[in-house]
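Next, two complexes with chain A in common: one pairs it with chain B, the other with chain C.
The block that comes next holds the complex of A and B.
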């Protein structure tokens, strides 16, 4: 899923450059790139198709019928999933939505504040701060999970919703992106003009800069949402109560039931399929903000 | 520090960790219960990490019965099983936040003990000993006077075969491994497309169990040092036996638990399975069309007249050193794994095969599993086989040995090449890792 977002950002920048420069070339079909892309798409979509089709198979059909032949057990799978431990799956779904939704929202706020500040204000230590942030971008969050757990344990917050939410609030990459975006999208002149007119810094930020930064912030939100939704290690270490588990962890417990209990494949596959739907929906809904991104880039002087 | 050497035998890392030794002379003072005030004072609530399905329902029995009387409430926090859980327990232990009770597989106990994560509950559960076979109980003591866990379920190994197809191909159930090889060859001759079974290089636990049956003792201690003997004569015998069969093509070399394997079992392309007592559950989902066509027999033996088996799987209930109510936790652990009602519920809800010998023939185990309804004496035979389980010898880095097994044997099985080279690799990687961790290893 996250790869979708990655492709979007550079394409926006590329379109801006092209529009600004020479007149557009006449399009012709480039065979090799098209084929490569089609192959890439196939490579990405095949597993998704597998999940979709496998979720319709009953346990008996799962490993015995042809892989891409739809089965007959989708309704039963849903019913079984719903019945598993009194519907704990929906609890996991809700938890994931809370962690990803609230976490991404808070993270976007922090990124917006700090990105804007880093882009607009000149102050001592700004570059140092930004460089430390860049180092943070390079640091894989997995490395931090255990130290974060030990910190949370000191604060007595382990096995709580906060234990998963708090570490996600500061996203170095989000701040980095917000700064780059704010530097490009919020011209200094506009900020100056606001000051001349006597607007407070807060007002300039909320009324002028923030609307200009929206497309960038949407990207930050999506990145963070997908990252939290797919996150495994942090909640795995932080949480022990399975009523607080996000979907990733919950499905893992269904798979690893111990040597003497067969893994609940059909439930896991159906659960994984349902877990993808909110992400797809989110991307479809938010897509229009990206087209806005393209426009606002092109219109700029 | 005068006792550094002894300390390094089992305890690594944390300097504050209490000394634990495997020597019978020096009994570990671990888990001293100074902080373990009376259980009578006030209600106690305990948390329990387990992966057994339906454990919450079993624990309800305790919370409404015995636990209510003793004012001890247990809360289940369901976890995923496997090595990752050990890592999670150790991480929590580092922060002093491990739960009161954990479920742990036998081979993980040395790892947990060497990190000082498990309390010695010998004083509290000593009476339970009589309920278990010696070979099972010994796994929870690690050969010391301490007791680090109460056995919950076991996985004595057995030989499963398609009774109908054995008859069809004119095969007899092999009593020795030699006969097993002949059976595999005879089947290949009669039906080249059919395999007796497969050697799965992704199931290290199966290989460990087979080696255990042959008399291997992979980890032992002498004096202050560990001895690693993964490439001992017994294991070599097992490795060469299977390596030979794979090389000549008498058995398949594909891993188990894959869709292809399920299909092979379901369609009768593989007609036997070396497995453990929990196999009926696996077969129910892997080969649903073969219900009632299987039968179970003791594992083939290395020499005629012998009667030994290994184990594959099984777990125990342990009390952590972080628990503030070790005595209460131990009381619950003993109840869970020895009380008749609890074990019945465990069998019904969690599908486990109990370690407690008295439970192996009662309740849920008076009738054969559904999938084996044709074999009326299934559990009577199983209980008899369970008594012949060879002692096991686990060490503090079973996970490393297992990972190396998957890599080295996976490659060897794929190329149908020499298994003893893979075994040597397993040995050297395990020794190297132990040294790296700071254990003293004798060559």
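The block that comes next holds the complex of A and C.
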């Protein structure tokens, strides 16, 4: 199955296994690539390590002790964050989970329908429809977001959950991924066999095609989840009531207030640390289900 | 058989349109309509009658290309565009160069700790741009930064990272940090799809790993490189959240630092949505021209090379 392709064939695992028979040690490790990758990993982990340690420092320790020395204020920082505006921080986290979770779920459904239709049916206007949908990928978010705001305002929907959720349901990229996955994973003769047995098109989709598309759809879901969770521009434009903010916008406003008052730094830092946890955790748990090979379109059935 | 087939395909005929209905409705409402509205707005302006009080005193009238000529002569927009071009000239080559380097290293023989380093380098993808800018922003602040601590201990000069030329590097670094891992995975997966036999002949001929990388691997993944370039150019021209997040930390990032920030300022700060719409249309067109221009150039080169 292609979903594990990246993890099934890590060249490193194969190479070290094969190298076991070779005696000289320095031949066994490729020094330059290993060191280069370790440097890269260090660079990528540095800010994360910093925020983990900085979140344990009290306001005074932050400015006086060495950066990578853990402090003693983590519990106090948590308490301060919890007390900030009656715990609005947790509300932001919940909002982000709602926007990203529900948004990605709806997006995956729409992508599944569209991708399946585009991959398995031959019909008039198929390529035109696909190309028009795909062109959406190239649209800069700003040319969409400003008029979306004005139109939402006319519909009386600005500053509501809908204003952030709805514009992100259709993901052109998700449709594209679902199409190439369905084309590779759902054989035409299986669909045809379903028809011969007299199953309706909807039944063929839900009972036969959908289970085959699941690995690809997990990927679509994860991409969209990350995209919505990380989105800043759309909520920044649509929302003014901070009870509806997602975490990105909430942290930004916290930073805006805190920039001039170093006393609020610890709050921002602790908030940033906690904001990183859910996505990194999700990521570590599901990375094996994430078929990244879809990215380069290299799907082998 | 034929009649049965025809009867079956009758129900089939409408099915794809049914499956595509949700996407079509959403596309119409959240893509086509806003784009059309933006174009309409960009061609209109507000005319104020008298003091502009009461209903009917403010009306939208045809403006032709007036908003566009205003935008093209607006030095703020032009400066922002130049800043973002300079920023893009750092981000895109460095980010993709690193991504290609790491992908090649991951793909080389006898490399250790590859699963760990691959995951670590991909990790920033899971961190929102706002949070990334926030983390790096603090690392750039002299009061809390470990870099300044080290420089101070060594008695070295401590540059202000959030001003002038270094600001470009500081912002570029955030984008490079966030985007390298994702592009690395795209290139790495393409490398993995190349069958091993392709390298065997070269290895037997005594080619070094470096020669194999330069002469075989990089040309083999050229389509992925073109794709990552294409999407990186688009993403870079749209930079918004990182400079916006750094803004509270420094006076050097203006409200019009990038073209997108300028559109936001004009639409919601000064409240001239018509002007903002014209600017948004220009940015969209410029993005399309630049990214497709690159794609065409890349394709032409590929064809020339194939013809040789």
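One rule holds for everything that comes next: the second predicted complex is superposed on the first by the 245 of 301 C-alpha atoms of A that agree within 3 Å, B and C clash if a C-alpha of one lies under 4 Å from a C-alpha of the other, contacts with A are read in each partner's own complex, and residues count from 1 in each chain.
Criterion: contacts are C-beta pairs under 8 Å (C-beta built on N, C-alpha and C of every residue); 3 or more make two chains touch, one makes a residue touch a chain.
Bear in mind the structure is a predicted one, so any value in this text is a computation, not a measurement.
Trainee: A:59 in the overlay: touching chain B, chain C, both, or neither? Say first, second, both or neither.
Mentor: A:59 contacts chain B only, not chain C.
Trainee: Does the superposition put A:256 against chain B (first), chain C (second), both, or neither?
Mentor: The answer is both, since A:256 touches chain B and chain C.
Trainee: Please indicate which partner A:147 is in contact with in the superposed arrangement: first for chain B, second for chain C, both, or neither.
Mentor: second
Trainee: On the superposed three-chain arrangement, identify whether chain B or chain C touches more chain A residues.
Mentor: Counted on chain A, the partner with more touching residues turns out to be C.
Trainee: Going by the contact rule set out at the top, does A:240 touch chain B (first), chain C (second), both, or neither?
Mentor: first
Trainee: Would you check which partner chain A:272 touches, where first means chain B only, second means chain C only, and both and neither mean what they say?
Mentor: second
Trainee: Using the touch definition from the top, say if A:114 reaches chain B (first), chain C (second), both or neither.
Mentor: Once the two structures are laid over each other on A, A:114 reaches chain C alone.
Trainee: Which partner does A:70 reach: the first (chain B), the second (chain C), both, or neither?
Mentor: Neither partner.
Trainee: Given the touch rule stated above, what does A:101 touch, chain B (first), chain C (second), both, or neither?
Mentor: Once the two structures are laid over each other on A, A:101 reaches no partner at all.
Trainee: Once the complexes are superposed, what residues of chain A are shared between the chain B interface and the chain C interface?
Mentor: On chain A, the residues that contact chain B in one structure and chain C in the other are 62-63, 146, 149-150, 236-237, 249, 252, 255-256, 258-260, 262, 265.
Trainee: Which residues, counting only chain A, touch chain C once they are in their complex?
Mentor: Per the stated touch rule, the residues are 5-7, 9-13, 15-16, 19, 27-30, 32-34, 36-38, 40-41, 43-48, 50-51, 54, 62-63, 66-68, 109-110, 113-114, 116-118, 121, 123, 126, 129, 132-133, 136, 138-144, 146-151, 166-167, 169-170, 175, 195, 200-202, 205, 226, 229-230, 232-233, 236-237, 247-249, 251-252, 255-256, 258-260, 262, 265, 268-269, 272, 275-276, 279-280, 282-284, 287, 292-293, 295-296, 298, 300.
Trainee: Show which residues of chain B lie in contact with chain A when the two form their complex.
Mentor: 47, 49, 51-53, 77-82, 84, 88, 91-92, 94-97, 99, 105, 153, 155, 205, 259, 262-263, 266, 276-278, 281-282, 284-286, 288-289, 312-315, 350-353
Trainee: Which of the residues in chain A end up touching chain B in this complex?
Mentor: Its residues touching chain B are 59-60, 62-64, 85, 146, 149-150, 153-154, 158, 236-237, 240-242, 249, 252-253, 255-262, 265.
Trainee: Which residues of chain C touch chain A in the complex?
Mentor: Going by the criterion above, the answer is residues 8, 11-13, 15-20, 22-24, 26-27, 29-31, 33-35, 37-38, 41, 98, 101-102, 104-121, 123-132, 134-139, 143-146, 149, 177, 180-181, 185-190, 192-193, 209, 224, 227, 234, 237-238, 240-241, 244-245, 248-249, 260, 263-264, 267-268, 273, 276-277, 280-281, 283-284, 287-288, 291.
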